[in-house]
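Let me begin by handing over the structure; questions about it come next.
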Amino acid sequence: MRENKALSAWQRDEQTIGCWLSLANSHSAEVMAHTGFDWVCVDLQHGLVDYADMVTMLTAISTTEATPLVRVPWNEPYEIMKALDAGAYGVIVPMVNNRAEAEQAVSACRYPPKGNRSFGPIRGAVYGGKGYATEANDQIACLAMIETAEGVAKADEIMSTPGLNGIYIGPADLALSMGLPAMGDQPQPEHLEMVKSLLEKCKAHGLAAGIHTSSLEFTQKYLALGFNFVTLAGDVGHMAKNAARELAAARGTEGPSRESTGY
Amino acid sequence: MRENKALSAWQRDEQTIGCWLSLANSHSAEVMAHTGFDWVCVDLQHGLVDYADMVTMLTAISTTEATPLVRVPWNEPYEIMKALDAGAYGVIVPMVNNRAEAEQAVSACRYPPKGNRSFGPIRGAVYGGKGYATEANDQIACLAMIETAEGVAKADEIMSTPGLNGIYIGPADLALSMGLPAMGDQPQPEHLEMVKSLLEKCKAHGLAAGIHTSSLEFTQKYLALGFNFVTLAGDVGHMAKNAARELAAARGTEGPSRESTGY
Amino acid sequence: MRENKALSAWQRDEQTIGCWLSLANSHSAEVMAHTGFDWVCVDLQHGLVDYADMVTMLTAISTTEATPLVRVPWNEPYEIMKALDAGAYGVIVPMVNNRAEAEQAVSACRYPPKGNRSFGPIRGAVYGGKGYATEANDQIACLAMIETAEGVAKADEIMSTPGLNGIYIGPADLALSMGLPAMGDQPQPEHLEMVKSLLEKCKAHGLAAGIHTSSLEFTQKYLALGFNFVTLAGDVGHMAKNAARELAAARGTEGPSRESTGY
Amino acid sequence: MRENKALSAWQRDEQTIGCWLSLANSHSAEVMAHTGFDWVCVDLQHGLVDYADMVTMLTAISTTEATPLVRVPWNEPYEIMKALDAGAYGVIVPMVNNRAEAEQAVSACRYPPKGNRSFGPIRGAVYGGKGYATEANDQIACLAMIETAEGVAKADEIMSTPGLNGIYIGPADLALSMGLPAMGDQPQPEHLEMVKSLLEKCKAHGLAAGIHTSSLEFTQKYLALGFNFVTLAGDVGHMAKNAARELAAARGTEGPSRESTGY
Amino acid sequence: MRENKALSAWQRDEQTIGCWLSLANSHSAEVMAHTGFDWVCVDLQHGLVDYADMVTMLTAISTTEATPLVRVPWNEPYEIMKALDAGAYGVIVPMVNNRAEAEQAVSACRYPPKGNRSFGPIRGAVYGGKGYATEANDQIACLAMIETAEGVAKADEIMSTPGLNGIYIGPADLALSMGLPAMGDQPQPEHLEMVKSLLEKCKAHGLAAGIHTSSLEFTQKYLALGFNFVTLAGDVGHMAKNAARELAAARGTEGPSRESTGY
Amino acid sequence: MRENKALSAWQRDEQTIGCWLSLANSHSAEVMAHTGFDWVCVDLQHGLVDYADMVTMLTAISTTEATPLVRVPWNEPYEIMKALDAGAYGVIVPMVNNRAEAEQAVSACRYPPKGNRSFGPIRGAVYGGKGYATEANDQIACLAMIETAEGVAKADEIMSTPGLNGIYIGPADLALSMGLPAMGDQPQPEHLEMVKSLLEKCKAHGLAAGIHTSSLEFTQKYLALGFNFVTLAGDVGHMAKNAARELAAARGTEGPSRESTGY
């Protein structure tokens, strides 16, 4: 079975940079994957992408060495299983609140006896190649998001879930859970402290630590902190920011003050 | 943030008329929205529409002043959140049975601390404009359907749910819950009594009251009763009825006796 | 091979009524085909439909006895061949101006030696059944539109084209060709005279005579004149007219004065 | 209402053969349905098919006499209801573990008072025809998969669920539940014993017994055992196997040793 | 009928800036249109966009004040007509070589007697509003590309075509026609001279002058020369450039040396 | 730029085997490409595939080493250019009748000064990699179909067209052109003689010789004759044949007598 290069890197405590995909389009997925990111993540939660588009996007990513990930829309077993069957090599599961939910996420990623994933890796096995049935439990990354008040409070019990490979932080939801305004890249010092605290716990539990950003600035900041996987913005953001900046420059007007929506 | 004109009207206890969309097509959505309805609702439950089509339909509705609503397929938090992120300004949630389910629906529509909506209004903020992050909790309408036996029995506890904006009645399911045959527009007197009873409670709770119909006749009847939002049939119904009537006339045969399916 | 019932009816000089499909959607196609029209026509010229949608729409029509027709976007051989390969049992070819163009249209509908249609009826043979290869030349209807000034002037040479099965009149384009404003259903007396004149020629040439309308009124008028196939409006028109009329009634406002675009 | 021919055959304890659809494509669905299978099943669980494609596939199947079934992605009421509303005449529900889950599946298939299916059979009633509202509870097949350790242990309580029409065995998941490697067609003797044991119970409960295969060999084996409905592989499998075999023959190389993924 | 603001600006000899759309996606179209460009152009020639996607993209652009343009795949009348019927307010026609071809392009944009456009503005009239039938000939922009050796040689005869509104230069094709390598933004002095020469002729003929670029630098250069409409790169380019630049920065590696393909 | 392995093999007079794709689906394309064919061809002429699906199918093929080809729907320059821009490494052009048509096909495949291909290889350059702009003229295969009476009569003038890489024979159309019935794999001795004659001429002109088949039997026959590229049936055929054969075996009925449609 094809190696999960991103997961291998995280298991060696290395740092990787990825890109977020919110556009339902195989070509933007292919272009982003060709850019050289270590991994690329199709977002089924907030992205405007559904299952059918995800399939063509995962296929597009498969033309490159980038590891294909999917953020599933919810901690729903069949949504996780369908993403994996379609060829995702890892899932990012939103809003995991406690141990039971973390265990449910992991279980959906693992064939029995380690979990309850149903067998039928229709495209996953085409992408993964021979050995998928027996090796997938070790190659597929299960990544839980900690971003709610309950999830933060129960971070340790989540992080100690057997079979979980890593934690991914959603800064905007984390901010809301702290009573801070959602801004995407959050500038508040207390937010940074919370991020650092979660990162430390994550390292202590031997898990890969990941976080979302909408900018180079925050990517650099979080890489400097030691995160293993940082999202350097996404397809829509790269497009919109560059277009707005250059349009303002061409018109000789001031740059745009785009209100972040986190994406 | 753009005002939710339908919600504002309901909050002033005004009456509005809307249209139902069951066809997965952006042009029929655009044409219906241009017809002048106060709001237009994309039906993800019984309509033959899925998420990807909904996105283009919400976009089409955005070319007009009609308020875009979505009936989600189920009281499933992530389905609600995805509809809102895609630009719906309100959701109609089917088969709400009790207070806990009503609270779950409301929670999915509100950012913390009022709810547990996850942040990432990718198209919602494009449509809604600046201020979405802070104002959405007030502008997004959460509408619960009361149409099951349990829901009817627990109407008061549902209607008193904080944050709920209105109630929508599904006449056919309501009929089934009463042991009556499902006919879409229900002619039974006891059904009308039940509708009136729910309407009264709704008014007493200060909520917007809405109801589905498949015809002008029932729309007029329910408007006369005082409903705040009445669905004047939908895309497929308008098309099929007119075509059948005119074909019969052109052939000089009797009019069709179409068996209603509620849509 | 399955009989082309519409063509057979025309060859017996009978009258048929059909419906136009401008929405890219298999369900509206299925609903219209179930309404009982003798034939249903997918419009690739002005309709918002492309090839991929046409395939699912032809499939939907195949669930009924209605004969599936396609108006191709232009008198382009490969567009005609692709429509037939996908299962159309006849094509309406727009803006045929003269004998050479009529011959080109017919040729694209017939296998050698009668024409130059390329062999590969991938879905056509699934729908048509055994014998397609040898019988299709007789079952497939080729219908030329006469609607331009040149086409009108050369109506006789067009109508005498061997292998042509019928003529279809586009009233709006015909009006423009006469210096009249395009209104869809054209009320001008000189337009009616032109229509009658073309109908007579068509009958004289032993061809099926067809015409487009947007209303019951004009359908009845043209049936009374003796046309063999009359289009009783289309999906979008039926939907939009009924919705506008009922919305006005529900509001107690005056009926809409929709500006016709011919569809 | 149109008769459910497959269900009728099972109720007469007859044997039927079906085909699996994993490709999101209306033409492959139509071709498979035209092949003469008694029923054809669209797979929303492991197949690369989503709701929108399912609609066009069910439409394509409706051009034939084959009974249209859908394997829903999970035992999720609204996924079951949406498949039925779109015209499925039966659902195969994966991973049913116990009586409560079986009852939930049945309930989603039945209108009140027998269940909690919501009314709005938008395409189902077009396909099923007049009488759908009152007869659907009797014509729609609800089939539960027994394939997990818990499901096997609780087979009797599942099978005795009122309203359940049959059981479908997923051999690969069943193998995993037994500690055997997932291979699709499972050659292990203990697996065969388990299959026989479930078949016997099924017969004892008067339910239709069905099972999945990836080959003619296993189809013949299970038909010989007395199963009522056996899946003779699927679209992708038929295509891939034939292509690989013929390519090897054309090259004069040895045949392929394709690693089964169960599909 | 809604005013064509871009055309009006050009007729006042003003300067406008637009954006190119090569991704088949309604959301990227909507985001680019919301960025504030004066016009946005859907590219059916080199863009990975086909007709069905174009419809949803034109709809998305219609949510803003940006004027919707389409580059048709070829100087093919029905492709031009279909783009206009779908709501484009102007077409950019590639590779116009001489007067006859220019006249053909113009003719496809104008209803008789000024041209041979067929009547049926199904979405165009929804977007354009009342008066479309009579005013479209004046509001729709027809823009011819001069980019081939023959086109350059016959620039004057092309530019003097009655009804033509403007000229659009494709720098890469123009370079190839001059024996220069295609690079997108062409740095060669002789290329600049050719561009200036065409610009001058264009001004002399009273036509709007437009040109393509892939960068802010060339946009500024051409605006300084006096072009009326300059394309400031496109969706894919903005996205890819920003992502590559920021990824290199995050890794501390050198910037990318992306080989331009003109888009 | 990535090498065109199929073209290189043909230029060494080697033999290759390919597969035909008529289903609009990226997964069947990916599965067929993974089967090990030397090249895979997306059929836009008779296949039920349009441009948008072709893009995802070419992307799917790009996950393997198989060379991606496209049969364009017609000898239409922009259809050829769009296929190449989307990443096809060669085009098969149907129904080339004479030298002028062959030159037109070649011209559409080559950038100036060798042809008139317009520059903008949006996905082609992503797949092909650096150097595309300057090397594509040498790597892109242009293959003309000889299958009409005129084409056969003028085979030598077609084959001597500069820049043409090969000839592809469509046996069914060739049969029709000879007055024989179209059967797909044509068993007639005179047909075989014609095929041999064209093959010889092709070899004499130093071109690659290719031919279509629907079976292993004819693939072996034509490989034995010395063809350079032979199509070993296609997706639909492999699927339908295997399903029909195994269904008949399972039922113990006779094998099917499927009427060939050439695909």
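When the chains are written out, they are named A, B, C, D, E and F in that same order, and each has its own residue count from 1.
The criterion applied here is as follows: contacts are C-beta pairs under 8 Å (C-beta built on N, C-alpha and C of every residue); 3 or more make two chains touch, one makes a residue touch a chain.
Everything numeric here is computed off the predicted structure, so don't read it as measured data.
Colleague: If every step must land on a chain the current one touches, say how few steps get you from chain B to chain C.
Modeller: Counted as steps through touching chains, the separation is 1.
Colleague: With respect to inter-chain C-beta contacts, which pair, B-D or D-F, contains the greater number?
Modeller: Of B-D and D-F, it is D-F that has more C-beta pairs in contact.
Colleague: Taking each chain's centre as the mean of its C-alpha atoms, which one ends up farthest from the centre of chain B?
Modeller: The most distant chain relative to chain B turns out to be F.
Colleague: Could you work out which chain's C-alpha centre is the most distant one from the centre of chain C?
Modeller: A
Colleague: Measuring centre to centre with CA averages, how many angstrom lie between chain B and chain E?
Modeller: Here chain B and chain E have centroids separated by 41 Å.
Colleague: Counting in whole Å, what is the centre-to-centre distance of chain C and chain F, each centre being its mean C-alpha position?
Modeller: Whole-Å distance between the two chain centres: 34.
Colleague: Could you tell me which residues belong to chain A and also touch two or more other chains?
Modeller: 22, 24, 27, 31, 48, 50, 52, 55, 76, 122-123, 236
Colleague: Quick one: which chain pairs are touching?
Modeller: Taking the chains two at a time, the touching pairs are A-B, A-D, A-E, A-F, B-C, B-D, B-E, C-D, C-E, C-F, D-F, E-F.
Colleague: Can you list the chain B residues touching chain A in their complex?
Modeller: Going by the criterion above, the answer is residues 50-52, 55, 76-78, 81-82, 85-86, 111-113, 116, 118-123, 125, 130-134.
Colleague: Mind listing the chain B positions that touch chain E in their complex?
Modeller: Residues 26-27, 30-31, 34, 55-56, 59-60, 62-63, 122-123, 126-127.
Colleague: Where on chain E is chain A touching in the complex?
Modeller: Touch residues, chain E against chain A: 17, 19, 22-25, 27-28, 31-32, 35-37, 48, 215-216, 219-220, 223, 230, 232-233, 235-236, 238-244, 246-247, 249-251, 256.
Colleague: Touching chain F in the complex: which residues of chain E?
Modeller: 22, 24, 45-48, 50, 52-53, 73-74, 76, 94-95, 147-149, 170, 172-173, 176-177, 179, 181-183, 236, 259, 261-263
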